[in-house]
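Questions regarding the structure given below will be posed in turn.
Labels A, B, C and D are assigned to the chains in the order they are written; within every chain, residues are numbered from 1.
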Amino acid sequence: MTVIALLSVAPVIEDSMAGEVAKAVDALDDHDVRYETNPMGTVIEASDIDTLLAAVGDAHKAVDGDRVSTVLKIDHKRTSDQAATEKVDAVEAELGRPAKTDRSPGTDDESL
Amino acid sequence: MTVIALLSVAPVIEDSMAGEVAKAVDALDDHDVRYETNPMGTVIEASDIDTLLAAVGDAHKAVDGDRVSTVLKIDHKRTSDQAATEKVDAVEAELGRPAKTDRSPGTDDESL
Amino acid sequence: MTVIALLSVAPVIEDSMAGEVAKAVDALDDHDVRYETNPMGTVIEASDIDTLLAAVGDAHKAVDGDRVSTVLKIDHKRTSDQAATEKVDAVEAELGRPAKTDRSPGTDDESL
Amino acid sequence: MTVIALLSVAPVIEDSMAGEVAKAVDALDDHDVRYETNPMGTVIEASDIDTLLAAVGDAHKAVDGDRVSTVLKIDHKRTSDQAATEKVDAVEAELGRPAKTDRSPGTDDESL
């Protein structure tokens, strides 16, 4: 069984959120989860839903702020042990290439 | 101005979704966006909201299926040109380390 | 075909967001969609994905702010014309009761 | 303090999900939360984050299926006791009208 999720915890503040987001990421270290942060959140992998939600709760509570916005998307496969990275591998096998581009949106080089 | 988003397009099917997800990712190539797929979706960068939503529409339409579930989270900074990767850099600068772990959740090595 | 979605558009500001959220809701009126706002967003119904995304784009652009956070979840049934309200009716038919409670969380009356 | 959230729990199955969604809604009754289901999920109100996440965990576990997709969006106001319905009231006060329309998208009457 694999529980894979994307977690985004953000204080509703007008300054940079990086310091508070770092506290949320740090809080994950106390839990039996694998995680990797990307520009829109942190992909978390756990072996069961309770472990995932305990980590989510601590990450949410680690962020200071009068108002905190948390978004969580869970993909829970109960009959498969597919690791998170294997989900991307499967898409790239279908694509026949890496699932990414390095184009710089809105710059001259898009016309090349 | 930077529009950064996470897009997940999935057909509601009981088989593997990888083939359909690959079509959605492929459809992004026709648009002036930068993108990178992770286990929970694809981070997309565009220079304006209309370009982003045009790419999202084509990715959604590229997926075949009687029922399609699409989730989109947009972080639109109108007064900053911060690239998507710089968001992760800022968090890692606060953490003082990479925002990831390689622990294998639910295995013996967690006791090390 | 029915495209049903939940849209949340919010400026990242520390004051009340109600005024800006109202502008986003108002912007939906220029589009051929049905909508109803709830405490966590606005449920929108459209007959096709392009109509939905055009409405989403205008709602997002209607909100002023240096940073705007938009979340969109789409449930697109391509072979059914089920109206949004019928989704709740189907759940309530299974429940055998309304899918709601009026309990006041965290107050004395929970012990009754 | 008010924790308001939108929860969507869905089995990834090609048949109707209503029966399983009803189980998720039913599971909320064992928790000190107020909730109301709408076409895109269930708005849940709790007095603290732990109570909310305990309810979310039970709702997720109540749904049978090899693969379960759960989306949770939390709006946590730590210095306010605003009830969920007051969020909609505030938007409608700004709008000067109910935040809804009864238009039937994609039908003739849109020309009226």
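Throughout what follows, a contact is a pair of C-beta atoms (placed from the backbone, for glycine too) under 8 Å apart; a residue touches a chain by one contact, two chains touch by 3 or more.
Predicted, not measured: the structure shown is a model, and the values here were computed from it.
Repeated interface: B-C and one of A-D, A-C or C-D share more than half of their contact pairs by residue number, and that pair is A-D.
Set side by side, the interfaces B-D and A-B show unequal numbers of C-beta pairs in contact, with more at A-B. Our note on geometry: chain B versus chain D, Cα centroid distance of 24 Å, whole angstroms.
Measuring from the averaged C-alpha position of chain A to that of chain B gives a distance of 10 Å. Chain contacts: chain D has residues 66-67, 69, 71, 73, 75 touching two or more partner chains. Residues of chain B touching chain D in their complex: 10, 12-14, 66-67, 69, 71. Within the complex formed with chain D, the residues of chain A that make contact are 49-50, 53, 56-57, 60-61, 65-80.
The touching residues of chain D, when paired with chain C in their complex, are 4-6, 8, 16, 18-19, 21-22, 25-26, 28-29, 32-43, 45-48, 51, 71, 73, 75, 84-85, 87-88, 90-95, 99-106, 110.
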